[in-house]
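The following blocks contain the structures, represented as structure tokens.
In what follows, chain A forms one complex with chain B and a second complex with chain C.
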Partner chain A sequence: MHTALLTLAASTTKVKGPHIDWAGLSPLLAILGGIVVVLMAGLLRPRFAREQLVPGLTLVSLGAALGLTIWQLDDNKSLVAGALRLDGLSTTLTCLFLAAGIGTTLLSWRAMAPRESAHGEFFAMLLTSISGMIVLTWAQDTISLFLGLELLSIPLYVLCATEMRRATSLEAGLKYLIVGSVGSATLLYGLALIYGATGSTGYAETAAAFSTHSLSTDTLALTGIALVVVGLCFKCSVAPFHQWTPDVYEGSPTPVTAFMAVATKAAAFGVFLRFFDTALIDAQGTWGPALAALAAITIIVGNVGALGQSSLKRMLAYSSVAQAGYMLAGVVVSTSLGVRATVFYLAAYLLMNLAAFGVVIARERETGRGDDISAVAGIGASRPLLAWPLTISMLALAGVPATAGFIGKFQLIRATVDGHYAWLGIVIVIGSMISLGYYLRVIAAVWTGDAVESAQVATGLPALAGGSPDAEVTGPAAGPAWEVTLVAVVFGAAIVVFGVIPQPLFDFVARAGSAFSNLI
Partner chain B sequence: MTIHLSIMLWAPAALALAGALIPGGRTVSRALAGVGTLIALGYAITLVADYKSGGGLQYVTDRMWIRELGIHYKLGVDGLNLFLILLTSVLFTATTLWSLSSERAREGQYWLQLGLAHSFVLGSLMAQDLALFVAFFDLMLIPFFFLSLGWGGGRRDERIAAITKLVIYTLVGSLLMLTAAIALAVLSASQSGNDLSFAFTDLQKVTLTKGSQEWIFLCFAAAFLVKMPSFPFHGWMPDGYKAMPMPVLAVFSGVLSKVAAYGFLRIVVPLLPDAAVHFQTLMLLIALASVLYGSVMAFTTTNTRLILGYSSLAQLGFIVLGIFSLTEQGAQGAILQSVNHGLVVAPAFFLAGAAAVRSGGSEDLRDMGGIAFRAPVLTTIFLIVAMANLAIPGSSNFVGEFLILLGVFNAKLAIACIAFTGVALASVYTLRLFIRAMHNRVGQDVTSRDVSLGDAVVLVPLVLCILGLALYPQLALKKGEQTVKGSVAAARAMTHPPKTAAAAQNGSVLNTVKTVPAGTPVPATGGTP
Partner chain C sequence: MQTTAWLVLGLPLLGAITIGLLHKRLPGKTAGYLGTTLLAGSFLCAVLTLLSLQDRGEAHRQVVFVAWDYAKTVGLDAQLSILIDPLSLLMMCVVTGVSTLIHLYSIGYMVSDKGYARFFAYLNFFVFSMLLLVMAGNFLLLIVGWAFVGAASYLLISFWYRRTTATAAGIKAFVINVVGDIGLVLGTYFIFRHSHSLDFLTTFKAADAGALGHHGSADLTAGCLLLLVGACAKSAQIPLHTWLPDAMEGPTPVSSLIHAATMVTAGVYLIARMHPLFEQAPAAADTGAVIGAVTLLVAGTIGLCVTDLKRVIAYSTMSQIGYMIMGVSSGAYVAGLFHLMTHAFFKALLFMAAGSVIGATAGNQDLDRMRGFRKAMPFTFGCFVIGGLALAGIPPFSGFFSKDEILLVIGEQGGWHWALYVAGYVGAFLTAIYTWRMIFRAFFGEACPEAKELEHGHLFHAEVHTNPANGEVEDTDVGFPGAEHHIAEQTIEMKLAMGVLAILAVVGGFLQIPKVNHHLDSFLDPTFADSAIRPDSKDGLLYFGLVLGTALGLAGIAIAYRVWVVKPGTSAAVLGRFRPVHRVFVNKWYFDEAIDLVVVRPFAFLGRASRNSFERIVVNGAFVGGSTGVVKASSSAVRAIQTGLLRSYTALLLVGLTGVGLYFLLSA
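Coming up: the complex of A and B.
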């Protein structure tokens, strides 16, 4: 009886959950821990704690996560009973999210938005969103995919509305909430239909079901795929599902816009690559041409839309739509080369956009003209440290040689030609031609326009009912925004460095390609 | 002798960059930019002196640049680019000397952009890798964009519009070329089963299918014809020329168009021979239209910049005629004429600038006249340049045009006959420019005075170059002969099947003719035994 008790005790202890690889999860845990700590630190009384310590702790958390990711850069393992997977694509994209997070934290350090919405909450939201991106791109089944997507989106809806006394910011938050929810719902419906057709939620099982039951012509499965495409296209603003982008980008606080532009896009493309090139690869013959058509439409719509814009944020919003079209070309071909090209372009895109947004934010604070193109006019003579990053970023976005943007486009066009979509390569260059029309306008303004004298931000904003007391200490952010200039200069320099010596970046993204053993 | 092309290539940009960064104001940046240009010039002269005729590609630097994309950092000099490199260095030196004579705002930036332009043009000429060539070809436009933006003439908004138009026009072509270049390399690699490589030597080993060649050819042709510019693609030229500062324009007109002509001989004709034969008539007709249109416009406009611009359009038409005659003489003439035209058009722009200074700042021909009155030296120089431009027998331009027309005559008789009128038209518009600027009724605000020492420093060496080449054009012809022949060899073999082979096989004439692609008329000189 004694032994029976012992065995019983032993068997109860043996009832255990799945094996958890804590090392593999550590980047995610660092972010989750960061959220708690930052939220707590935001409650402290001293102003220093809120205004300096909170962003500092955010940076520490992001830095720790980055270190833990780089430590396991070449690992390839399944986590949490196969719900998540740490492989080349996961680690590469996670590095991009964390870099974007670090950039955004620096850009919003002394910005208006965290002061109006309380620092702890703002930075905790930012970290939550990043944790969602990590879950989303590491996901190996559709349940974790949806979980990650919502974890990414919901904090963003809030972040868009954090400049509470600006009606456009609130409007942006609401608009993004509504459109984003529609996108999520569509995606969820699509996932449910695919589940109905295949009987499984795991990517590997889905792929197996597709090949064994030859579902690539099955109506249920195809409807599901179509709805998933629509849902994801909402997220990465692919035309014709991009209409929310210009308004939301313009209305949101600029650091948040920068974050949305680079990190959200990287996450959405991560899941595009992961889900379509793993789970749905057997139906590539069906969704490939459809995505190619969407890519072509997106390139044209985005570039034409950007032509007439005088708001830099709207212009960059349309440009981000166009860039999404370029990157979609790498998904369309569904080859290992295509994956590498897309991830490379995501990295280049991150550099280019953070440099540009850094300059926009710096001028926004200095001139009080908002993000109008006149805010950057004439800075070539007065602020060379801002003028050069913006110039380089615009040239890179247009695809001029010796920039990372050129190499990225080069690789994308190569992937399209290699994957028998040469016509899409031609569409990419046609898009680049149109894009010159608006990128050059910015450069011309920077180097020839009349400089704007520094002006105070309009005062007399409405008081914030129940708002944090810091918010009342308004006016333009005090002190020189050296960290904003730093972001612009560092990312601007990186554009040129990786444009001239791109091999390290190629080696870095090669891991993402190796994550797909099924692709050629 | 080992000559490191990388040093020559990057010296102008590196020193100009140093000049822009080192605080010390105008003198430092001027001195450093000048030294950078002189280093390149010194290297270029050494190259020409040291180059072994018929030695193939020399002074090669070859390193892997981007492993992932198979792009090499490969530079080299052969008969095709040798004299164009010299021309580039000479003209940039002249522009540098010219720019020294006046002061301008933000001078460090000006020299930086000029140095970058110099390096990028040299790079596109030296590149022996297709992707490297495309990169430099696109890049060399950017400094000119900034130079016009910052230091150009005219109203600011007009200037921005004009220069934006210029950049978009040329990059449209260049970006199409980018796709074509990538497709060329990817298709070659998949056809041969080798790794992706953009080096010319690797690309030459594979001949693509005719269908691929044709669309790739059209993309390349679009890039080069816009850059030249050639007749239907010259829309950016009038506004762009008006917006550019004169010293910059001289080098832009003198050198950048030659890179496009060079691109045809370096890339299009040797790598895409079937397509070159297929589109020969089309290209010849475009070139012919350029000659006639350019000539007519040059003697109907009154703005001196545009007269020279349209005259260049016509001259570039001749060069394309030479290239697409697909004969050795034509190609030789095209290279020689490229050098000649660059040497003539740069001093011509300088003289137009000098004339404008003397006629109260107006660049309009109607406000000039009688400038020769107290300026015998200026007039003499102008006359020499004008005579060279209209290709008077004895000038090197005459030799160039003669070779080109000889080539076209062998290829397409009818086109050659019409092209001959272009020679006559050249004398009409050149003499009109000379007479109405220098002689004729004295213009209202004209104050005649002779060249200053500063002007002479720029003009005299250029004129000496023109005279030197007139006396001894074999210099440029001999050194390049073998390479130039090699570049048209494949295409020529198709249009002119070797007679001896045909005669020996006798019965197999039909086979020989069959290799000529459909749509190409059987040439008059070959074919029937």
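Coming up: the complex of A and C.
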């Protein structure tokens, strides 16, 4: 026995692996460890363990990862043989993912979705998706990029369908799976073509190949870029590849929608910035105008589509399409200012959307009217703690001064003007004007509408085969949950604080800009 | 020093917020005492800051404190920063000091007003705004303070909001102030364009280094001219002066605070603060000097004919501010600020005394109905006389030294400045006449019924309170004129405030007596050390000016005495002979009518015309109808392709993919 162990130990030391910077990798490891622990804890029998311990452990894992990230906030080092990189962009975006993860965990703590699909699985899926985001944005070659993308997407397909007794939730999951697969395939195809043109998978090598062989006019490389653009536009829900967004956002459980809107978008824009501003920077003259055109289309389509929607989630879905267009403008210009503006907007966007979704979730549980706009009517008088965050986040999304949304939009417009895309700045302004049409409608409903009676949710749902056992026993969560209100209030307050004192946020995103030494 | 400097700003803000939030719960005079105490604390802090600044070496007396960076990124440095230097400290001391006394006066004067706490909340807010304006360390904060002052003055002028004349006056003041705000903001833009910094000291350094364009460059001149527009609007200089006389609709302490001691001096402060820029743009500075000279003459002539007690003082304010603007625009910075300070003392005093007289006549402000208050109100009369002597520039009262110093510096510059010099002394002569006309008419002669009643120890009460301006019956619910009126003789707080100001009006000029001392000169030197204008003093001109000023002042008083006391019919006779001239004066040179004709009517006409044609056809039809139509149509188009069917999504996907792919292939 003893000798066997010794032999095993000796054999493991002989394995030749690449150098791994464990400290740099620690945030990712914290999440991966959390997945295992949460999955295991979900198997425990007591209800307390499943319903309180599992989300609690999820929060611990996310909090640990956040701490480890903040510890290395200003580091800049290559991890795992150049496959991943920890730098300013990695750390700032990871902070955003983890903040979104913490918010989502709180929002889904007593939600219906984890009860129906079992808590362990739900939260493990959430953590897996976050680990995918981390890999995706830290990636330094196309292989890790694709690995991260799939690690991010597949758990999301499942999460969308976790309210298994609701047909629209299943529909959302299936739709997302099919359309998402098409998107992934397109992206993979594009990456393969770029590999074919440059002969390397690493970003740095790709960039070098572009500059030395002047591939900016190479048909193979350009076709590859076109396919990568389309693939990533799927993930960011950029028009005309946005069509899954309203359906999936509306059908998914609302906490999952919030997570998708905030974290997935941040991850997709992170890789957009990373890949296009590092590996493909030499072809900027070619892809810049294409992305600018897509951004303009997206802004118009998103804002126009959101008008007249009565479902809040659908409205927010179109609004997220429009916001993706705004942020794409920061990618288009390929300047350090553009990077900072995009990451700033991602941070502001996280605050605004989590506040808004928090209110939507709270009202869903209280009224039984789902996410219809009538659910928030008249809450100005009855529920000021929900009315104010919703009002603030709507104003911020519209870009009204004294909110973080205004500063973010201002930065983006400045980036476009500085980067010689002034017309895109004008499109952003026009989009914002149109957007008032639907954001103000929500505010009007909140403050002037007639309040609805709080009603218990009617549980006319079909029985479920093979689902989690406690879904049958307990029924849907009822009554207001303090943690949902907390999320809405904290993020709503943060919108105003960072709108009045934006300097801390400027300092935070300045790290992301410094990650790109090649940009001016 | 940093703490005390921020406290100067913080205490009035605290007062405004506390009184504003608690206005229904503060009993009796609590609001008044609270506001006054906080402001007294603010004054104390200003003095402490002054002392610690004086401890520093001369070269280190311009200190910037930054509380936090609002936004400091590439090309923008918006900070919450205050600049403490001799200039801002002088303003801080004057503003807080005089405002404290006016608060004290208001405790007694406003006591029967139902909006008592509201009044003090506004008053504290106003002082906070004014302090923000003078302490701002950058253009952004200056603009904020500038706009706050305008807003606060609107609130205070329209304080008795049921009075139609008061609300109209408030709107007028606000609109004209906004014109000034626009000038200030645009002017800042012209300067920021070249300096790339909002910070004052950085901008001034850049100006000295020539980074803002060469001497007299077009952008710099445009910037300074626009700043001058801002200064003219706040300081009631022609042609943006028409709001000041109307602002007399506000309660008398407001007239005293805003329209004498603080707000209207903002323009003088602005030009003094921006002197490194104005010296680089001589055309703008000369324009300012001419505007000041014209204003002081025009205001003086109107003051001769107006019969409303407070409006006479208001026109005299305009005229005195004209001196200051003329002074600081021609390099007489210290003299202009000296006059600003002494003027704050004696003008606040005159307004307070006028308030006391108005109290005695139950709200009447018409000079025609006042006579012989001398015996009935000896204290008020004494204050009026001191204020009047200081205003007329009779030695040794404070106005004498400061006014003559301005004119001396202007005279020394020679050339066309002689015209300004002459205008200044003509103005001084007019000042003496109209000031003493007011005093003789109100206090001399046979006592009017109100005065007689007061002599018997009883304050006059009106049966029905009417608005003296249009005869409307007053709504006493919002306060005016309150159940009781108050006069200085019977109210200790009013007496105290007026007494202190009377002393200051007498001794204020001793800070800087020619050939004896020059405290203010040496105190303000760190701020104005970079000024290129250094006139050398000629003794002959100095003595000539002092004698001329005294002689003109005494002559003016003598003429007034002859016309209104010795031979009361004289004014009617003169009036009969110069009826057309009188008509021009009494109609305020037709400025209101001219503005109405040149600005209001054309714009109203254009507005009506465009509402009937342009708006109906182009805006409503094409823009609103067209754009909402486009948006609606595209909205339904977007929803139409959102079928919910995966196959149509995939189809659009393919179309999009083909489009993007084609673009990249074609661009290859």
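Everything that follows uses one rule, which is that the second predicted complex is superposed on the first by the 499 of 520 C-alpha atoms of A that agree within 3 Å, B and C clash if a C-alpha of one lies under 4 Å from a C-alpha of the other, contacts with A are read in each partner's own complex, and residues count from 1 in each chain.
The rule is simple: a residue touches a chain if its C-beta (ideal position, glycine included) is under 8 Å from a C-beta of that chain, and two chains touch if they have at least 3 such contacts.
Quantities reported herein were computed from a predicted structural model and do not represent experimental measurements.
Student: Quick check for you: in the superposed arrangement, does A:502 touch first (chain B), second (chain C), both or neither?
Tutor: A:502: touches chain B and chain C.
Student: Please indicate which partner A:211 is in contact with in the superposed arrangement: first for chain B, second for chain C, both, or neither.
Tutor: So A:211 meets neither chain B nor chain C here.
Student: Contact-wise, after the overlay, does A:417 reach chain B, chain C, both or neither (first, second, both, neither)?
Tutor: So A:417 only meets chain B here.
Student: Could you look at A:382 and tell me whether it touches chain B, chain C, both or neither (first, second, both, neither)?
Tutor: Neither partner.
Student: Quick one: is A:182 in contact with chain B, with chain C, with both, or with neither? Answer first, second, both or neither.
Tutor: A:182 contacts chain C only, not chain B.
Student: Just checking: does A:436 make contact with chain B only, chain C only, both, or neither of them? Give me first, second, both or neither.
Tutor: After superposition on chain A, A:436 lies in contact with chain B alone.
Student: In the superposed arrangement, does A:310 touch chain B (first), chain C (second), both or neither?
Tutor: In the superposition, A:310 touches no partner, neither chain B nor chain C.
Student: After superposition on the shared chain, which partner residues are touched by A:426: those of chain B (first), chain C (second), both, or neither?
Tutor: first
Student: Touching chain B in one complex and chain C in the other: list those residues of chain A.
Tutor: 407, 437, 502-503, 506
Student: Give the list of chain B residues in touch with chain A in this complex.
Tutor: Going through chain B, the ones touching chain A are 66-69, 106, 131, 134-136, 138-139, 142, 145-146, 149-150, 156, 159-160, 163-164, 167-168, 171-172, 175-176, 178-179, 182-183, 186-187, 190, 196.
Student: Under the definition above, what is the set of chain A residues touching chain B in their complex?
Tutor: The touching residues are 381, 395, 399-402, 406-407, 409-411, 413-414, 417-418, 422, 425-426, 428-429, 432-433, 436-437, 440-441, 443-444, 447-448, 502-503, 506, 510.
Student: Considering only the defined contacts, which chain A positions touch chain C in the complex?
Tutor: 175, 178-179, 182, 186, 217-219, 222-223, 225-227, 229-230, 240-241, 243-244, 246-247, 286-287, 290, 294, 300-301, 304-305, 307-308, 337, 407, 434, 437, 501-503, 506
Student: If you look only at chain C, which of its residues touch chain A in the complex?
Tutor: 68-74, 631-632, 634-635, 638-639, 641-642, 644, 646, 649-650, 652-653, 655-657, 660-661, 663-665, 667-668
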